[in-house]
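Here subunit A shows up in two complexes: once beside subunit B, once beside subunit C.
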Partner chain A sequence: MMDIQEKLKEIGPYVEAEDDGMLVCRCEEVTKGEIRKAVHEGIFTIEELRRYLRSGMGLCQGQTCGKLVKGIVARELGVAPSEVEPASSRAPMRPIEMEILAEDGGVAHE
Partner chain B sequence: MSNTADVVIIGGGVVGCAAAYYLAKAGNTNVIVLEGTKSIGHGGSSRNGGGVRQSGRDVRELPYAMYGIKHLWPTLSEELGVDVEYTQKGNLRLGKTEAHLEKLQTLAKNAQSVGLDVRMVDAKEVKEICPYLSDDIIGASWCPTDGHANPLTTTLGYYKRALEMGVRFYTDAEVTELRKVKGKVRKVILKDGTVFEGETIILAAGYESRYIARTVGVDVPMTRLIDECLVTEMQPHMFDIMLGTAGADFYGHQAKHGSFVFGSDCGYEEVTDMTDPSKLITNAMTLSASCRAIMGYVPALKDAKIVRSWCGWLDNAFDGVPFISKVDEAEGLILACGFTGHGFGTAPAVGLMLSQMVAGEDTVVDITPLRYDRFKPCR
Partner chain C sequence: MKIERYDMIVIGAGPAGLSAAIEAAKKGIKPIVFDENEKPGGQLFKQIHKFFGSKEHKAKVRGFKIGEELLAEAREYGVEVVLNATVVGLYPEKEITVKIGNEIKHYKGDAVLVATGASENMVNFKGWTLPGVIGAGAAQTMMNLHHIKPGKRVLMLGSGNVGLVVSFQLLQAGCEVVALADAAPRVGGYGVHAAKVARCGVPFYLSHTIVEAEGEDCVTGVVIGQVGPDWKVIPGTEKHFDVDTICLAVGLSPMSQLLKQAGCEMSDTKGGYVPVCQEDGATSVSGIFAAGDVSGIEEASSAMIEGRMSGATISCYLGYITEEEKQARIKELEAQLDTLRQGMFAPKNRGKLVEKTEEGIAVSMSLLENGYVADTEIERYPGVTKQEGIHPVIECTQNIPCNPCQDACPKGCICIGKNITSLPVVSKEHKCIGCGMCVASCSGQAIFLVQENVEPGFGEVTMPYEFLPLPKVGEKGIALGRDGKEVCEAEVTKVRTAPVFDHTNLLTIKVPNDRIMKARFYRGENGQQSAK
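Coming up: the complex of A and B.
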């Protein structure tokens, strides 16, 4: 069980850092500062963060920035990166055109 | 911190978070929200197509669906300080056959009877409203006041604002049991044995509400049904309207940042089974079937790349409308479940009404048709 209000007190307020402007998620242009700030607003999981900021939601689905984001969230929460669960991987593994994906042998909807 | 509050809300989805926010807004911040998983909005709240609609809805749902669109959605981003991407540019429900049009006409007529502006449009007018649609479409229903929003930021926006106002949230707090004290539902017991207590308990835990309600002898007739969503890579801006079809092949819209988000199915949903439903495993057939359905109505998207698909469970009420109700036999308990896939768009109005029910006030619209005891023996 995680008591969100208690945890927010424990980690203290967001304090601006020099490298907050650094782009972390290149697909969706999310900065380190935005990620750090979100944690202090109560966004504690990668799943929530993706939905809140769109980090890892673009073309590469977080394959580039996933590890970096995890590290930033872990540091902000004061836990080991291994304690931060990664986002679920979902089909398709690589972006595929609708027209190609549609050719699985099935018939048109009616 | 104390495990006792004025109100304990079970379920950190959009309904639970909205109820917490409206309670806090009305001055009651002595509220606890319990989310069973590690993430707020892990269930249907983040697994829907983002429709904020009135057309196609049951007449019992329409009064509060309409109330939310008129009074709550337009100012929600400003109120929460989070962009919920509310876009009110209308909804086309498309038909390709005469049977489709008949179905749409019946739905439109029902909605008109409770004062909703929805009308039938012909193929030519469909093209005027949205030039990207297929020539196979022979007509549609058009509801200009329908729209869409971002379910992810809406849910988290309610959460964030309620949190700022002092509401206590707990995640990874799975509820297994309710217990009465002196005849009144008061205790909420977690899987790990932790006990929370509230003067009022709001049960907004999707399908899992059924198991929880049963622990105080209340059965809520609903089933679980899987639904899947997909999202494309960013596309140039095409249209702002929401789309649906009479055949229920798919629904969806283009989101603010350019991706298209669609919900669809493959036809085997009713027999879908999962050893562990919490794993939310998508069906290998659905993504391809969805693409065919979408291209059948929006051929212009054939080259759009799909970047992700996901699924979620609907809490399908037996008669297709939710249970938003106090319970005579279980004083202190308020049900808010069985949303049947319509929960997101109506969540602001439902959240507001729940806060009013807690305060013992009349709700903004009459919801007696949504009482839990509306089912009577029929033979």
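Coming up: the complex of A and C.
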């Protein structure tokens, strides 16, 4: 486990970069800058990032951006991508209409 | 809540999942296989090219055919395949939830095999969200399943086998591939795949990446630039292309979320986030197994073997075969897997520069940097000989696990030997009859027949040709070299098609004698052939 305060000192303040406006998670419209900023605000794990920015929480469930987000966080922290704590996996694995989910388990009308 | 029970549940009807189900069904198990697609076969259903390998690995059979064969075999052994069924949850108790239609159904298995394959990676660059930026897999689906051209002018990013194969398929579909770029300094895929793209005239830009996709509402152009040692674009090296499509083939990532959800121990490797697995497919959770790309990206051929291994392991786990029977089967399959994992592209060589072949011959640097073997390099390979009369010229210059050419020749002209990765050798002792079987059976389209002096001063070159419309005998056009550049004028003298050639046509052109070792592709005069 990283010491957040120590790490924040180590990585220094957030500095704007030219490509910060680039969309990374297109489903939830999260930009590279937002992710970088979040890291400097102490968000170091993918799980926290998902809750904080909703990156990887959209239609594709992080299938497209997961690796990219991880790479950005890793670069910002100065660690290898494999050192970034991944998000936990939860059902449903694919987006599902609430209506269908709600009827799971036989609360059905019949 | 209703829960249906099965001995064995398989998630994913790709080569791994189907092979596992078949293996288990042969032992008396009644497996059920779920796949979210409307067609079974996984990646195979999009693959229209002939596969590498040997007979046991179904070499020289086209990918989608392998899928069909697997499916037929699965049916024959009573495997239940449920399509349009997305598995949305996997729990440690080996229970799964499946979305079928508008319902979520529950199933419980005594053993569950996860064979969900992989998904495509993306890269970010300015404008990457514009319509017209697509994954190579999507391009394949459009072309090969729905018969739609993804675009008119395409730039491909990625020189691995996927990027190379899809570039060729784009050409076949009639798209113009303006360039193939890769940030890596060397072509990542098989040289034979690269060579067939390069001779169609597609320029390779290694050590190049995309700077920007241009366009307001959709892609209208692309800028690529050369990357320096720090992977940043070197200013001043930017190149612009007018394109309407940018195709990305930048690798695959295992779709392993279900395994993680079930609590399997995972490991973050260079090849992606994969379950910690034994070779027989067992994960850290008893009764849950993994096989195929989901446990590490490889090939369909290895996915099938891994699937069979898991099938055998599960048969033993469920008591349908003894431990000894399982061990014997695993040993047999391991040996097969081993032969596939040899050669220059073996997992252990990933990312390394292999400078010499197993035979000690220098590897073509031009092939690695430009996508084609230079005219000055080609003669060092044992498949390239000078003979009187018609004979094959085999431009297969890397050690890859493949040998259909050897089996194809009825006259014994071609020898690879016991070691499936050895370079094909053309023997001068055996007399070639020009039947063309070798040309058509080569998965890499790397075999040509040449003959000098068919008439005074002129010789003939026969090449594999998979474009439509087919040129007509008597037609005149341009012969292209390995680099896709014009070599000389050429006249079509023969066009052969036959069921045994399995859709690889044999095109023979007449060129001056001193061009027969240079002419490797043909472009009709009016250029209507897709390759420009």
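One rule holds for everything that comes next: the second predicted complex is superposed on the first by the 97 of 110 C-alpha atoms of A that agree within 3 Å, B and C clash if a C-alpha of one lies under 4 Å from a C-alpha of the other, contacts with A are read in each partner's own complex, and residues count from 1 in each chain.
FYI, a contact is a pair of C-beta atoms (placed from the backbone, for glycine too) under 8 Å apart; a residue touches a chain by one contact, two chains touch by 3 or more.
This is a predicted model, so every value here is computed, not measured.
In the superposed model, A:Arg54 lies in contact with subunit B only, and not with subunit C. Once chain A of one complex is fitted onto chain A of the other, the partner contacts of A:Arg26 are limited to subunit C, with no touch recorded for subunit B.
Counting residues of subunit A touched by each partner, subunit B versus subunit C, the larger count belongs to B. In the superposition on chain A, contact of A:Pro81 is made with subunit C only, not with subunit B. In the superposition on chain A, A:Arg90 makes contact with both subunit B and subunit C.
When both complexes are overlaid on chain A, the residue A:Leu101 reaches subunit B and subunit C alike.
By the touch criterion stated above, A:Gln63 is placed in contact with subunit C alone, subunit B being left untouched. With both structures placed on the common chain, the touch criterion links A:Glu16 to neither subunit B nor subunit C.
Once chain A of one complex is fitted onto chain A of the other, the partner contacts of A:Glu41 are limited to subunit B, with no touch recorded for subunit C.
Shared contact residues of subunit A with subunit B and subunit C: 61, 88, 90-92, 96-97, 99, 101, 103-104, 106.
Of all residues in subunit B, those touching subunit A in their complex are 1, 38-42, 46, 152-153, 155-156, 159-160, 163, 168-173, 190, 192, 194, 232-234, 247, 249, 257, 266, 280, 282, 284-285, 287-289, 291-296, 301-310. Interface of subunit A with subunit B (complex): residues 1-6, 8, 28, 41-45, 47-48, 51-52, 54, 57-59, 61, 85, 88, 90-92, 95-99, 101-104, 106-110. Listed in rising order, the residues of subunit A touching subunit C in the complex are 19, 22-24, 26, 32, 61, 63-68, 81-82, 86, 88-94, 96-97, 99-101, 103-106. Those residues of subunit C that touch subunit A in the complex are listed here as 1-2, 36, 86-91, 97, 99, 102-104, 119, 121-126, 128-129, 253, 255, 257-258, 260-261, 266, 268-269, 273.
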